[in-house]
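After this come two complexes, each holding chain A, first together with chain B and then together with chain C.
This part shows the complex of A and B:
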């Protein structure tokens, strides 16, 4: 009889393509970064190959521990707020008519076309004392005098959420729109009020998708280095800002690389934890 | 007592009238089948009773109380959905006890009730299974158990058995009927399968285009259809245009005098004659209405002879071992309709 079926869709060597790409654009640069992180800093501005763990040692300080904590809390807060807004929004979106859904998704996608710089400057204008919403609040009689809302932690998180929201919706939309509407109706008939059907049936059934959106926004905002400088105070500067500072302005590439490696390890650990928590008990 | 009253219920979807002024009285503890082709409004009627849709006009009364404006989750109904809609994130026992959990029932009560219902639907000890570990028939039973867990005022089922294969479906029809009788719960099942309706129901309600065509006991609807649509939809029948005049039926160029037992629903004028295949008698060509055999279908337990008369196809059902065995396509025969078994409808 004939051997293994030979009519596969794609030839097997095509599987090498992603492997080559991954090596070329991820593993190799990461290797270089690892090597640089233990290289010796050259006072003239670059580095010499070698093994010097000094960069890592310098990082183990109270100052950078605080920076790390700020980075993580800012990103976690942005991700949590984003998902908390995006999930009910997506559930509502999926209940709309087909044309309306397409329209809203197109508008959301167009937000992705805006660069971080434009978003940052727009928000800093909108929240400023001279031209911002403070004037509107003053005019409405809510506050005594126009005031600035930037730079502040609030402005920073608002900016990060503005960027993260479309991503969260795009991750949530496919599973939310695939959820059997009869499951929700079943809960309703069996005595669940609107909120209890939402939290008791919709949320647990989409736990994986919610975690996925959370992780995406978290990782995405963790790498943001423009918005913290535009909208935040110096104490809100994230690790990414300090990495940029070290690499570009202080010309200390080994230290920048060491911080990057550390940030990546911490991010990986958190993503691992989150996906473990998001694993669905029912899924086989 | 939880009798159900539907009073002038109308539902429009835009310009489409899904349900048109439907009124109905369902006595407590009855098993009712809403029967009709797809798009006839039967599912809409069920969803209106459950409160999943708002009526455009009319009222729903359960146990004498107006429920029309009561939100779904406060109606105390049990329901089995077409997709079953079991919760994949809960195990079997948690699914069944969900309506109790929502109402704040404690853990021990929930576990006891789930076990009790699992016994009722013959799945003892399956409470800890996940939904994806169950077969189609087992999921069906879990959905039924979940629908019954709060002792619902009315038990609603939307095409509950349509996803099962034929033999399992027949088995579940009988089982569902037995469960309903043991509990005495008022039950409404939506189905497009007339055999399912005849097997299970106390009361069959035939619907078409959002209007009730006939409501009655299964055998009444079967033997005494209200109109040509009901006659054609329930069971298999031969339906022929005819005219009624002077105590006789004029059909296929013959004048047949009405005899005792014939059910003549039209006093005079044009109508339809309905005769079940088992009441079509084959004779020699010389007697009866001349016909030509078109096809013979042998089903073992019976034999169907399909004939053409004046362009109308007439089917006769013969018991095995009768003369029909020798019939071949092209043979010429005579046919007549058994006296007392002729039904004339509008």
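This part shows the complex of A and C:
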């Protein structure tokens, strides 16, 4: 694309409107949140301007360490399962015809767009005692009596995989579909079997994209707020749940803001890492 | 690997994804107020019940109003942004694009808390328009991505020739760019609409106690135990998403919208 000035179709002032809107309603809220994170807590549930790093000092507590450990390990497990399942899925998907691809994408998008509250409700129904797989297992004679599988860590990770899987496929889809089919063709002609072409040619070519997708799915599941409450026990509450809990129920906006700033830094660092990993090979 | 095996793998996973939704659809047909699977006394009475109870109709209306307007806000910010950034390489263009993509890349609870504190500080907390603007900003990313994709596909020679024929910027925009861009604008709007409809945490933290949206209502209702109405609402939401994405897939090029470059319509 040549950068000749005659090619810019839009006048310069057109950028002003989105700039004003995004500064006012996106940057300003973040700036205020940053300021509130060091403000003093007010008993009425609001805050008083000031400089009090006390909210950040609470990060040193055992409570916070445990919340972080739970959030990170649950999301890491879900992200690993999602990408492991999604990668072959995406490779196979990209080899299908246009109609089939569209159909599968419609299903994935519909699931991805679905509210977490509906996913949580559906999964807790599926894992419940009266309407769920417990019944099926009982009927098959695998267990003595129908039982519920929720709330539990298993249910929570299942839920996170449920929301993470379509996301993982859609993140992997562009680099996978750009991979030149002739590379695989060449490997097959040279005598590589299906699986060895897959692991010897496709996987190494897309290493960067896989790493990038893993990190993005990790950040995505880290943001889950409702599933830990609907499918997990209170000891499985993640950082997102605690941020809301502090802001809405404990009326401690400064602490909520400090945790939120922390989560943002973690997420930004990870997203930056993901785009570096993606640039590695995926852009070719 | 053989083609059959690939298709089997894809369909096995899709079946797993659809399993909870199928159970919920079946549960919604229960006659008595219980969650049984397989359902007993098949009936559609809970579907009628949903449209008779203002307890559910009010949140439904809130959700629709918010989603319709928030998606419009998102498009109205994303369209000029994409046009401005198109063909510009400078720092301003890159910063603006980054700002348009950022809300969606971060965990939503961060934006939600930011919006909550912002509206608490400047008024607007608990108001429906605050939720509309917040959703609009949060969802800018979607129309921005689809419209930018559409712009990348426009041939510059087309614009150059319109220019040579004496068309000014406005005429070029209206008669050349806009018609080519329309499908991408519509799908960006549709994506933002569906996501706003399903969004929970921002709606909850900005105005959850005064302007109940449907997801907020569902979560509140879950605390008082299960009723088949919950299943009915879920079925309607799934059907609505599937319908909208199905329409995009039918009339647009969904694989290309999702970033595949090779896939052609047959």
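Basically, the second predicted complex is superposed on the first by the 238 of 284 C-alpha atoms of A that agree within 3 Å, B and C clash if a C-alpha of one lies under 4 Å from a C-alpha of the other, contacts with A are read in each partner's own complex, and residues count from 1 in each chain.
The rule we apply is simple: a residue touches a chain if its C-beta (ideal position, glycine included) is under 8 Å from a C-beta of that chain, and two chains touch if they have at least 3 such contacts.
Keep in mind it's a predicted model, so treat the numbers as computed, not measured.
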Between chain C and chain B, which one touches more residues of chain A when both complexes sit on the common chain A? C
Is A:46 touching anything from chain B or chain C once the two structures are fitted on A? First, second, both or neither. second
Identify the partner contact of A:117: answer first if only chain B is touched, second if only chain C is, both if each is, neither if none is. second
Would you check which partner chain A:269 touches, where first means chain B only, second means chain C only, and both and neither mean what they say? neither
Classify the contacts of A:190 with the two partner chains as first (chain B alone), second (chain C alone), both, or neither. first
Applying the touch criterion given at the start, work out whether A:27 contacts chain B, chain C, both or neither, answering first, second, both or neither. second
Residues on chain A lying within both footprints (that of chain B and that of chain C): none
Which of the residues in chain B come into contact with chain A in the complex? 50-52, 72-79, 81-83, 85, 87-90, 98-99, 102-103, 130-132, 146, 150, 156
So, in the complex, the side of chain C touching chain A is made of residues 1-2, 6-7, 9-10, 13-14, 17-21, 23-24, 27, 34-37, 77-78, 80-81, 83-89, 92-93, 96, 99-100, 102-103, 105-118, 120-121, 133-134, 137, 140, 156, 159-160, 163, 169, 172-173, 177, 194-195, 197-201, 204-205, 215, 218-219, 222, 226, 230-231, 233-234, 237-238, 241-242, 245-246, 249, 254-255, 258-266
If we count contacts the way the header does, which residues on chain A are in touch with chain C in the complex? 1, 3, 6-12, 14-15, 17-19, 21-23, 25-30, 32-33, 36, 46, 85, 88-89, 92-99, 101-111, 113-119, 121-123, 125-126, 128, 130-132, 135, 162, 165-166, 170, 173-174, 177-178, 194-195, 198, 219-220, 222-223, 225-226, 230, 240, 243-244, 247-248, 253, 256-257, 260, 263-264, 267-268, 271
Quick check on the complex: what are the chain A residues that touch chain B? 180, 182-183, 185-193, 196-197, 200-201, 204-205, 207, 280-282, 284
